[in-house]
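One chain, chain A, links the two complexes that follow: it is found with chain B in the first and with chain C in the second.
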Partner chain A sequence: MAWTGNVLRVNLTNGSIKSEPLNKQWARDYLGQRGLATKYLVEEVDPAVDALSPENKLIMVTGPLTGTMASTGGRYSVVTKSPLTGAVACSNSGGYIGAELKMAGWDMVIFEGRSEKPVYLHIENEDARLLPADEIWGKSVWEADGILHRRHQDPDMRISCVGRAAEAGNLYAAIVNDLHRAAGRSGVGTVMASKHLKAVAVRGSRGVGNIKDPMRFMQATEAGKKVLADNAVTGGGLPQYGTQVLMNVINEMGAMPTRNMREVQFESAHRISGEAMHEPRESDGKPNLTTNAACFACTIACGRISTIDQGHYTVKNKPEYWHASGGLEYEAAWALGSDTGVDDIDALTYGMFLCNEDGIDPISFGATVAAAMELYELGAITKDDTGGLVLTFGSAEALTTCAELTARGEGFGKELGLGSKRLCEKYGHPDLSMTVKGQEFPAYDPRGIQGMGLAYATSNRGACHLRGYTVSSEVLGIPEKTDPLVTEGKPELVKAFQDATAAVDSSGLCVFTTFAWTLDDIAPQIDAACEGEWSSEYLLQVGERIWNLERDFNLRAGLTGKDDTLPKRLRKDAANVGPAQGMVNDVEAMMPRYYAIRGWTEDGRITDETRQRLGL
Partner chain B sequence: MIRLRVKLFASLHVYLPDGAECNEVTVEYPAGITPNALLAELGVPREMAHLVLRNGVYIKPVERDRPVLGDGDAFAVWPPVAGG
Partner chain C sequence: MAMALKLEPEKCTGCLQCEMACSYENEGVFNPAKSRIKVFSFHEEGKFAPYTCTQCEEAWCMHACPVEAIVVDMATGSKNVLEDVCVGCKVCTIACPFGTVNYEPDSGKVIKCDLCGGDPWCAKACPTGAITYVDEADTTYERMRAWAQQAPSAPARFNPPKPKEVQVFER
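What follows is the complex of A and B.
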């Protein structure tokens, strides 16, 4: 129950579309969304396969609470093998399409093979068909979205789409849904485009009705909403300032990755912060932030909707960018801003619009531009390579031109689309790539937040903050404050966050609820909705099982414990200012204990005993 | 007297003394002033002072009645906030 019990299997090679029953035992073991789709991937795809070959599969998946009245119950994920990292990829998105897919009657859609010609999948409840995408191939996400809505004459249809970057082979291309939400990381959009699948358009009108105990579910979700509303973070801070409130916090504590992580504080952080988004501009008297916004069923509403000054150089005489759209979240503001040294908030917002318009991950993009700027400074990249572009740190024009080129997959943008690992290798300075397993870092310098170094190094999808967000404890004091500058206790903290997050990511709920909710708030909602018994303890076990399943995929894909590390800069070059001055990240000191409590060998392999305990 | 760089962020900006720019103002206070006394001076309700940093380092609640602030220090305060 709560699951629809239906899986849609789409073979793009021969065009067949079939409905099949969901594997209920796997749902019991892996819950849904991230965990359940990973189980399907592990069972059906050889981990050693080329991520961009027809043999890879792409799974769009909901959780059991997706589409229900549970707060934030609108999430869906895209699971595949990543072309950026060679590891398992799972990118999670909000918006509305997850709920729409569920209300059309599907738990997940599995895409196999590769279409000879570009196609899109149109789903209207039980009716699903592949249609020619000639008219939208080569178009941006925004253009394609408009064309499909007009073609089907259905304003309520929800669309996930890839842009020109993905078509051009950008390795960190995103799948954008509802115009400005995205399954953003690890190149899931690149895989989708490699299958010649341009879009998935969904209309579902069946609702989600098969709840195990509807009355208890209403009570549990109501109680959960009250906790979110009464909490100062989810009921006040997040809707008002969004994730961008962290810009000044992280900068103040000296953990703001700046200029390709050479520095740990950005002198202009206040100019691109959440607070700055509220300040009226001198030019038109309006703030950058137009309003906040919520995804399906969300009672937090942390999303940022922004408008660029119409006189700003980026959009002057370009009315197509004058509307309000998805603005700067903290991760984008950091990557496009402090990591490149750019402090022009409207230029960053324009960069964000382009990332949404053509589907690229702003974290990987910004970090790759930052790496390119350092290579340029060293003389390893010259104007001959960039097509005349002067790539200096702090240049807003350089950043926005890079964004235009990368979004469209043109000129030097094709090189930027390789990601920083391949770019830095190509130009002879692999140590300048700030990545783990080939994926770029998010916005927390691990020299000042030690636990995050371990979380990054061991993340199953490469550097990522959302796989184990110990910032919550080490910086924000949620659920309790720990010292960010020490390594003691961090292996346990990282493991606890990783396991709990894997469970939340498999439920259909948003991980941001966990600023207020613990698993004790979440378990009653899942238990009332889903067949079986779902306690907090069982959810943690499910989370640990998922973590190990992902790890197992990666090991079979060829990754080893040696990949669980950080770039030399973060291990050898000490922070230059702030509370962490003189410190590096001591990931080596934390790793043995982490492996031990995971039940892995000293070189990071899963022991038979652990496999048996978790039922792998 | 000591000079402190007082920074009040997010919804606490309304408590900033006159002359603040970009959420920050430098003000003189008597030497030995404690974080809680300073918060009272600024009018910041104690329950709203969730994240309290001295030069970027967290001041634990038990330390907020001690004279831990020195001349030239940055004193930064946030209400309960989070992001990701």
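What follows is the complex of A and C.
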């Protein structure tokens, strides 16, 4: 129950579309969404395959609470092997399409093979068809979205789509849904485009009704909503400032990676912060932020809907960008802003629009531009390489031109589309790539937040803040405060966050609820909805099982314990200012203890005892 | 006291909790496609607007119905569809100037808001107060008050209205 019990299997090579029953035992072991789809991937795909070959599969998957009244119950994930990292990719998105897929009667869609010609999948409840995508191939996400809505004469249809960047082979291409939400990281969009699948358009009117104990479910979700509303972060900071509430906080504690992580504080953070988005601008008296917005079922509503100043150089003669759309979240503001040294909020918002319009991950993109700027400063990249573009830190024009080129997969944008690791290797300075397992860092400098260093180094999808957000504890004191500058106790903290997050990511709920909710708030909601018993303890065990399953995939894909590390800069070059001044991240000190409590060998392999204990 | 749904689009975030509450109360499933209230998104304007039946006093739908399947609930004043009587002719959906009576293909009948018998679930589910259930004579009271307060003659000791309260006209 709560699951629909139906899996849609789409073979793009021969065009066959089949419905099959969900593996109920796997649902019991892995819950849904991230965990469940990873299980399918592990069972069906050789981890050693080329991520962009037809042998890789791409799974769009919902959780048991997706499409219900549980707050934030609208999430879906895309699971595949990543072309950026070679590891498992699992990118999570909100918006509305996850719930729509569930309402149409599907827990997940598995895409196999590769279509000869570009196609899109149209789902209307049990009716699913592959249709020619000639008219939308080569178009941006925004343009394709409009064309599909007009073609199907259905304003309520929800669409996930890849843009021109993915088609051009950009390795961190996202799958954008509902125009401004994205399964953003690890190049899941690149895999989708490699299969010549341009879009998935869904309309579901069957609803989600098979709740195990409806009365108890309504009570549990109601109680959960009250906790979110009463919490200062989920009930105050997030709706008002979005994730951008963090910009000034993180900057002050000296954990704001700046100019390709050379520095840890950005002198102009206040100019690109959540607060700045509320400031009326001189030209028209309107603030950057138009309104906040919720994803499906979300009672937090952290989403930012923004406009760009119509007189700004980026859009002056381009009325097509004068409308409101998804604006700056913290990660985007950081990657496009402080990591490149750019403090022009309109330029950053324009960059964000382009990332959404053509589906690229703003974190990986911004961090790659930052690496390119440092290479340019060193003379390793010259104007001959960039096509005349002057890549200096702090140049808004450089950033927005890079965004235009990368989004469309043109010129130097093709090189930026390789990501920071390949770019820095190509130009002879691999140490300047701020990545783990080939994926770019997010917006928390691990020299000032020690636990995050371990979380990044061991993340199963490369550098990522959402795999174990110890910032909650180390910065915000949730659920309890730990000292961000010490390493003691961090292995335990990181493991606990990683396991709990894996469970939340498998439920259909948003991880942002965990600013207020613990598993004790979440378990009753899952338990009331889903067959079987779901306690906090069992969810943690499910989370640990998922973590090890992902790890196992990565090890079989060829990664080893040696990949669980950070770039030299973060281990050797001390923070230059702020509370963490003089500190590096001591990831080596934390790793042995982490491996031990994970039940892994000293070189990071999963022991047989651990496999047995978790039923792997 | 007769009550009415008060809709304040400027407070709506587009979460669709109202649609799920409505469909769950009326159909037993979470299904926006079967909700009697609908949230419209105007993405490029950054605007959301919940919309449902306003329970017209002289209801076009009721007068148009050839089989008298739409009746007044004397307790709440809502105009309710008698499902047993409705023949699914859809004349009411044509008669309603606001489009808030809708044909539901699965049942072959029409559906519209019935105020949940006086305890509307949409209002209870709305996390931002964009949908409230208030005295029907006072649905615009606060908006009037906000504008009145802005008038130049208002004594300076009054606080200016919060911007959100007047934005409904600005957008």
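Throughout what follows, the second predicted complex is superposed on the first by the 616 of 616 C-alpha atoms of A that agree within 3 Å, B and C clash if a C-alpha of one lies under 4 Å from a C-alpha of the other, contacts with A are read in each partner's own complex, and residues count from 1 in each chain.
Quick note on the criterion: a contact is a pair of C-beta atoms (placed from the backbone, for glycine too) under 8 Å apart; a residue touches a chain by one contact, two chains touch by 3 or more.
For clarity, every value in this text was computed on a predicted model and none was experimentally measured.
Annotation: superposed three-chain arrangement on chain A; chain B versus chain C shows no clash, the two fitting side by side.
Judged by the touch definition given at the top, the superposed model places A:417 against neither chain B nor chain C. Touch criterion not met for A:451: it reaches neither chain B nor chain C.
After the superposition on chain A, the angle chain B-chain A-chain C between C-alpha centres rounds to 80°, nearest 10. With both structures placed on the common chain, the touch criterion links A:103 to chain C but leaves chain B unconnected. In the superposed model, A:118 makes contact with neither chain B nor chain C. In the superposition on chain A, A:465 makes contact with chain B only, not with chain C. Residue contacts after overlaying the shared chain place A:508 against neither chain B nor chain C. In the superposed model, A:246 lies in contact with chain B only, and not with chain C. In the superposed model, A:187 lies in contact with neither chain B nor chain C.
By the touch criterion defined above, A:236 lies against chain B but remains apart from chain C after alignment on the C-alpha atoms of chain A.
Superposed on chain A, the gap between chain B and chain C at their nearest CA atoms measures out to 15 angstrom in whole units. Shared contact residues on chain A (touching chain B in one structure, chain C in the other): none found.
Contacts from chain B toward chain A in the complex involve residues 7, 9-11, 13, 22-24, 50-51, 53, 55-58, 60, 74, 76, 78-84. Interface residues of chain A, counted against chain B in their complex, comprise 231-233, 236-238, 240-246, 248-249, 252-254, 270-271, 274-275, 329-331, 465-466, 469, 471-472, 475-478, 481, 483, 511-512, 515, 578-579. Put simply, chain C touches chain A in their complex at residues 13-17, 20-21, 23-24, 27-34, 43-48, 125, 127-128. Of all residues in chain A, those touching chain C in their complex are 67-69, 71, 96, 103, 156, 179-180, 204-209, 214, 218, 225, 229, 239, 290-299, 301, 303, 305-307, 323-325.
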